[in-house]
Amino acid sequence: METNSLLLILILISSLIPGILILLLDEAQAFQRNFLNLFGAVAKVALVGWVFVGYMQGETYAFIYGLAPDLTFALKADKMGLLFAALSSVLWLVTTLYAIGYLKGGKHQRRFFAFFSLCVTSSTGIALSGNVVTFFVFYEFLTLSTYPLVVHRGDDKAVEAGRTYLWYTIGGGTVLFLGVVALFVLAGPIYFGQTEIIASLVSENTLQLTLIFFLMLSGLAVKAAIFPLHGWLPISMVAPAPVSALLHAVAVVKAGAFGIARLVYDVYGIPTSEELNLLTPLAIFAGFTIIYGSVKAFYQDDFKKLLAYSTVSQLSYIALGVAITGVLSATGAVVHLVHQGIMKITMFFAAGNVAETYGFYRISQLNGIGRKMPLTMGAFTIAAFGMIGLPPIAGFVSKWYLGLGAVEAGSYWVVLVLLASSALNAAYFLPIVYRAWFCEPDQKEVLPKYRGPFEAKALLLIPVVLTGLFSLAAGLFAGSNYSPLAIAREIAEKLYPNLP
Amino acid sequence: MDILIDSLLAILTIYLAFRCMLAPKLSKAVFVFFAFGLMLALAWIRLGAVDVAIAEAAIASGFMGVLMLDSLRDFSLIFSKNQERLEETASKIPIKKDSYHWTTALALGLGLILFLLISIQAIWEVPQGGGLTAIAEANLPMSGVEHPVTAVLLNYRAYDTWLEIGVILMGLLAIFAAGGLKQYRKPGLAPAQDPLLRKTILIFTPVLFLFGAFLLYFGKMGPGGAFQAAVLWGAIGILLHLGGWTVFTVIPRRMRQILVTIGLGFFMILGFTQMATGGAFFEYPPAYAGFLILVVETLAAISIAAALTAIFAFLTK
Amino acid sequence: MKIGTYEIYSLTSAILFAIGLGGVFLAKHFLRKIIATIIMGAGVFLCFVSFAKRDALTFADPIPHALVITGIVVAVTAAAFALSLARRIHKLTGEDTFGNEK
Amino acid sequence: MKEFPTSALPALLVGLPMLLATMSLFFRVKGRALLGVLGSFLVGSLAFFAFIEVAKYGTIIHILGGWEPPLGILLRIDPLAAVFIGLTAIIGIFISLYSWWYFRARIASIGRFPLFWPLWFFLWAGLNGLFLSNDLFNLYVTIEVITICAVALAVLSGEAKALKAGLRYLLAAIIGSMAYLFGVALIYGSTGTLDLNLLGEVLKPGNTKTFALIVITLGLLIKKAAFPFHFWLPPAHSAALAPVSALLSALVVKGAFYMMLRLWTEVFEVSLTFAAGQLIGITGAAAVLWGSWQALLQTNFKLLVAHSSVAQMGYLLMMFPLLIMAPGQDADSAEWLAPAWTAGIFQVMAHAFAKASLFLSAGIVVMALGHDRIESLRDLVAWMPMTAMAIGIAGVSLIGLPPSGGFLAKWMLLKGVFLSGQWWWAPAILAGSLLTAGYVFMLLRLAFAPARVKDPFRPVPKILQVCALLLALGSFLIVIPAENLIQFLEGSKSFGSGIESIMKGGGYGNE
Amino acid sequence: MIWLSVIILPLLAALLTSRYPSGRRNAGPIFVLASLPAVGLGLAEVPGITLDWFILGTQFSLDTPRRIILLLTGILWASSGLFSGTYLKDDIRRGSFNFYFGGAMAGNFGLLITEDAASFYTFFALMTFASYGLVIHSQTAAARKAAKTYLVMAIIGELFIISALFLAVQSAGSMLLSDLPPALANASNGPFIFLLGLIGFGVKVGAIPLYFWLPLAHPAAPVPASAVLSGAMIKAGLIGWMHLAPVGLVDWPSLSLMMISLGFTATLGAVIIGLLQVDPKTNLAYSSISQMGLMTAFLGIGLYGGIPGSLLLPAIALYAFNHGTAKALLFLGTALPGKVGGYWRILMWLGLGLAVLAIAGGPLTGGLWTKYLLKTFLSKTSLPGIDVFAYLLTLSAVTTTLLLSRFLHILRQVESPKESKTPSFILPWFFLLLAGGWWTMSPTLLPEGLMYQILGEKGMMAFFWNPITIWAALWPIILTAATLVVVFTLKSSFLNRWIKEKPLIPPGDFLYVILWIGNLFEKQIQKVIAFMHSFGESRHSAEKIIYKFIDNKKTIQISTQAESLLRRWEVVGISFFIFFVALFFLLR
């Protein structure tokens, strides 16, 4: 096998093997476990980086293995995939650190970390998959590998949440499956980027193609938590903080959003999608979800639930961006994939920190927490501002491009949606910020569970600060050549070759 | 005339089959079943299938009938030794209605009649297939035996027969499995029974044995063969058993095992050796075919007889 | 249409099979169900042998005969096994019909 | 007849297990177990060897006794049979290993079931015989061998529940066999041959043949526990000992399916109609839905798994409507045949692995708990992670999530369904998947839930868990050589071929 | 480098002075240092730079109006910073004040020097949200309320701004702010976009009807913060307008008239309400509204066409400069009367008087000349009813005087300290006094044409010593002062009985109207939102429907019964025959 193919496999293996090895380890072998985890995470980041650099220099990376006649397992590196892979791998590294700190002394760590690794394997697999089948394989694998994480806590609530999670995701997967097979039958094995295949079929199979699109879309929409298929996300917030952070900010939900982007951009292609009028319904659903999620979030008192609803809302930005044609909105969509991830993960980390250090789970308990945990809440505040869309934080950049794209496409209602969402985001995030920084702590002083040199365990603190800085930097240096924005812009420009 | 006899026989057979199913008393059904078997045997003879007739009479009607009769002891209250226990359990079990809802009966009846009509039509219209008589006959000289049925059983389709011998062994094992093997280990010696019976049995034993041996040997030329002989030999065991000689306690364990498996084993080993010498499985060297078949038949008959006896012994213990 | 031995017995075979089939579904007692299966078998074997009779040249077709002997032995073995099961069930539970067990 | 390479392999494949079974009767319990395990490897390697031979030289035949059909019986290993034999061997080896430890571990409580080993090897011989057989009557004998052994194994525990289930099973199987034999009688009467290949050539459409086809199909449907005839399966499979349940579910029911597949595609090609295929498909769909739904409602682990078998067998039946060409369709240009066949074969394999694993896991659970109520699976993940994992992995394969064998099967089935334009099967396939997910994750959900009692599980030998886990993994690993396997299977005569339906005009008769 | 340091130094200062005790102690000088680059950029012209990597590609450069405002801003932040250094010495939340102060400072500087939309918006937001911390600083109930109002309005403003920017940038096809006005002029929806911007920035400016947060928020902040809020940050909104307004390029009569009328309404109306206040800072806040109204009006005039933007905008900026310094002086001055004693008091009153004069446009002050400068534009426009505006302008001088006299009156009532001591923060106050409105006359700041416009061939001195001008400036003030004196003397009790305890109209007047209206519709709105909220709960979401079915006892019962029916032999028989018949017919 040539090196380039091997590299792709290595990227997957770098978390798969640790995952399996960890499963074979003993619960007590914490050092080995952490070593494996971190080694895998660092290796993955390095490998993704290597491939990324190589790709930018014009190398091609592909791996193909025939499973059955015309059913091939294909990996391919392209810019969008690499962006997502880079996001997952970097955030995996960070979250691994966090998780080691968070779970220290907890039960079932072996299981947790093993599935954690498997989950990242599938999310990078999704990123690097080269055709619809491979994507689907990893998409389902992701569902499975996250289930043990969702129910990790193992109490009845978690188990019940796991049940709901599965009904949604398996149901979605099934519908997606149907769509994928139907597409396969109609158009043969489709590799991402071969939009001409579908385009050539449009004139004769309009109805079928439309149906398939919506089947696949609704399958993907489950993970992307688009209304009315979002129900699992707030419920699965019972998972431990690192899980909520990585999975429900990055891996799982992004898989759905990424899939939608792939579906529109790389399977159907934008001209075909437009010709079949597929995007307007998507845009409407996404738009509604944005508002709906925000309104729901507004009513939450549970910190993580609020964040979950916020995720519901924010994720649809991506779908919305995909649904609006134009290079700007495409840029916005792709870059939001990254930005939302780093911002939301920061918030989940922060929520986890607060819960772990002070045992606060509700927003009403957060009075004055900013004074006690300035770094954590500082990072949270940055992320929250970013979510609202305030510059110079990452969220602003994506919102800016989405807004411009909407205007470009003439969909003014989208601008209204964006604004309304910003307002609602402000309405539910700012009170938290307000409580944290400008309210006096409650009468009963709660002592921190943790005592040490910092405001929280170092392993909990470093990730949150890092991702907080990431989200600031992603916005602040968005104009630079290596920012997510720059890459997103290149991706978008490639999608619309006819535009200047 | 033939038609009359055949029709009578057929109607009788059908009637008896009906009675078997519909006789109000179970014991009666079993007795009718005996009669049914005999009628069927007559029918076989009418059809020129003497081998089948013997097998039917011996195995399906005889052996099975005996087993049935024996099990009646268990099932019916008349023969029950532990009546008390049964009544006790009977009171616990809610009394079941013996009749079905009329719609069920109607649906089933209707279906059955349709099935019957269609099947009759199908049978009526069976085209002439020609059968394999001609080929069988043509190959008969090479088979080593003169009786075509035996040739088919032990040469042309020896594989089936081999499996069948296996099935009997399996049946034995299965019956052990159903009862749990522990009880088999400790057979109680039956108390001495009616001396007349014992005497009769003792007289019958050599007769049966000889007749069996005759059938076995005669199978080469005409009706008869391993199965028929085996049933007769098995009958010895059964009779001895009934007479209180629990044969299987007398014969050592290893011997029992050998007895039960020798037919299958020899047949199989024969097959393997033939294969080792370059032939096919169950391909006899033409020169020794007759002899080998006889040996196989003998051993198979011993095994089957042992198995039948064991089955009976085990079931009626 | 000629009515001969073959015709009579082949018709009988169909009827026997039907009786057995009906019996196995309708009969309640284990023993009767087992008898019904034997009757079914009898029908099938009769069918076989009647063909042998029909196709007879110098002698009746030996193949069906052989098949039927094999078949009888197999069927009887199965029936004996069923019988042993029935008896064992009766011994253990006192039941002699199928209930609604899971 | 075409010249085939002849070899002793087919005969050995039947003879060796038979020999081992007979030999094992002479050993005491311990020796039997040892012989069993060694023997399973022996037979397994033989099967493996046969597989390779077939891959190298194509179909192998063995003319028994030197008598060519129609007089004699012919054994043949074509790729399709080789796959089934190989599958039986792999599953058999694992189950043998498992049984060894299982019965050793159970010594104190119940016993060591010395009859297991001979019966299991007889069963194996019967299965191999079935897969190799090319003769209608011989098929009957082999399937009776299988039935008797299977029922005997099923009642091995000697519990009343098992016995009753066993009797039900046995009676149902006898009905099936008799119906089948009735059809065989008619076919013999009308053609004078029993060899499948010859039959395929000489059999002409007609009323008799139709009737024979119906009774044979019905008989096999009963043996296969297709939807309205599944009444015997759940009790029998659930009441048996764990390794036995695994054997029954993984292999025994496949026998009837294999027969039906052979007969429909090789013998009855000409008299099948599109509508009949649809009926079989509906049966399959109903089994999928009803079986899965029932599984979802069960409170006992083994019953759940047994009901799941009903459902999974339904998927196999759904391949039949695809094999039959609608009037006007041409089998040569029907591109959905290969997917449909692949679906069937992979469903067989995936289900065999997964179901064996599930039943073995159930055995472990029973051993650890003393019973198999699902409610007591709580906290299984913490106590027996490997078993929980096995249940999960096997379950995933049953659901048909990628990259399992079940996924490949469902994928191919759906593909076939769409390609053939018979899209109406798709909802049933997917609904079945969903319901399967429902019960699999019902198990897992409880496995993750907190235990209500302290120390809920007694320790169980690890090796048992490893066996179950490996089998479960097997249901995934079969996907890796999928492409080669399909290529291999394409060497089989029937694989990828379809049945052209004939619209018979007017009345029926011999003309 | 200097461009970046303008932003980075305040941020660093924020960090230094909030985290470290030593920084906290020396906050005053640090803030002065931090604002030095800004002052420098205001004074000296430096070529702009482009930073592609920063945000969405940032361009730093200045044009004249922004340079003027930057200078103002720099001076104000420096002096307020210095002021705060000693004024807030003992405040327990000193650190947090410094943090937000520095942040707002960076934002305020940044928004002035950036040339592209995204960065501008960035710094605008930074300033807005950082100053929230300044408003809420005291954490009293009033401050919290003010801060809340401020925040809500700020967010609404931001939303309008961003939507205006979206549209403007899109129609311009460029991120550069200088490209926006021409694009707006050409775009068909230009007026709409500008209206959006008008509202968005109007919040900051305190334009009618969006001003109501201002009288709450500005006074709520600590004195130095109020000074920059009212003096510098309020001007950011003005800059925003200037960025969007295609002055001189278009002829938008309706928008123009609207702005003018709203502006004058503010100018006069705010005075009336301001007069009724009792808090000096509230009074000043209303004065700010009034003054900003004037600037609004003049910008509106610019939209009518005919006046080149390159002249009008610097003129408005100059006016803003004057107002900014003077207003800051007054705001900082509110802290003085209670602390300053002795001779310093005379100086203090002198300074306050000067500042009042400057705002009112008194002779010899920057106020006079800046106002005069603006007045010259009135003659250049063809706007109908322009004469009325001239009169209104004069009237505004009167009203301003009136309002600020009231301010002085309120301050006078503050008790002076017993001993003659002086707080050290009077120094920056004086510094500011010196830096006052006269700087506006610095020729280096002004474009050539502008100087010519007002001064003609004559020189600066000629303008100031022109009796006509002086008289024109003086008579309204004298008139007002005279009236006040008359009122004071004739019925001294009247002024003394003027509301003292509680303002007649509460600060943030209009807010209460809105709240009242809001209360009217509250229920309906709540209903709508609650419906949205309950959308997922009240209806059965997907999984609940499934659960309801699966977990239902009845379903289980029926299914179990059905299964046990299927287990019965006779039923199996029936299905056998059904199948048989079906197959029979299907196979024919």
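Labels for the chains are A, B, C, D and E, by order of writing; each one numbers its residues from 1.
Quick note on the criterion: a contact is a pair of C-beta atoms (placed from the backbone, for glycine too) under 8 Å apart; a residue touches a chain by one contact, two chains touch by 3 or more.
Predicted model, so just to flag it, every value in this text is computed and none were measured.
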Could you tell me which chains are in contact with chain D and with chain E alike?
-> A, B, C
Interchain contact steps from chain C to chain E (minimum; 1 if touching) | 1
Taking each chain's centre as the mean of its CA atoms, which one is farthest from the centre of chain A?
-> B
Of B-C and B-D, pair with higher C-beta contact tally = B-C
Comparing each chain's Cα average against the average over all protein Cα atoms, the nearest is chain A
Report back the single chain whose CA centre is most distant from the CA centre of chain C.
-> E
Between the Cα centroids of chain A and chain D the separation in whole angstrom comes to 42
Using mean C-alpha positions as chain centres, tell me how far chain A is from chain C in Å, no decimals.
-> 67
Would you mind pulling out the distance in Å between where the CA atoms of chain A average out and where those of chain B do?
-> 72
For chain C paired with chain D, centre-to-centre distance based on mean C-alpha positions, whole Å = 27
Two or more other chains are touched by the chain B residues 100, 108, 112, 115, 118-119, 123, 126, 128-132, 136, 156-157, 160, 164, 167, 170-171, 174, 178-179
Residues of chain D that touch two or more other chains: which are they?
-> 71, 137, 141, 144, 148, 151-152, 155, 158, 163, 166, 182, 186, 188-189, 192, 210-211, 215, 438
Spell out, as numbers or ranges, the residues of chain A touching 2 or more other chains.
-> 163, 167, 171
Every touching pair of chains is listed here as A-D, A-E, B-C, B-D, B-E, C-D, C-E, D-E
Using the touch rule from the top, collect the residues of chain B that touch chain E in their complex.
-> 100, 104, 107-108, 110-112, 114-115, 118
Given the complex, residues on chain E that touch chain C span 564, 567-570, 572-573, 576
Partner chain B, residues of chain C touching it in the complex = 3-5, 7-23, 25-32, 35-36, 38-39, 41-42, 45-47, 49-70, 72-81, 83-88, 90-91, 93-97
Write out the stretch or stretches of chain C touching chain D in their complex.
-> 13, 17, 20-21, 24, 30, 33-34, 37, 40-41, 43-44, 47-48, 51, 54-55, 63-64, 67, 70-71, 74-75, 77-79, 81-82, 85-86, 88-89, 92-93, 95, 98-99, 101-102
Which bits of chain B are touching chain C when the two form their complex?
-> 2-3, 6-7, 10, 13-14, 17-18, 20-21, 26, 29-30, 33, 36, 40, 43-44, 46-49, 51-52, 55-56, 59-60, 63-64, 67-68, 71-72, 74-75, 85-86, 89-90, 92-93, 96, 98, 100, 105, 108-109, 112, 115-116, 119-120, 123-124, 126, 128-134, 136-137, 148-149, 151-153, 156-157, 160-161, 164, 167-168, 170-171, 174-175, 178-179, 227, 311, 314-315
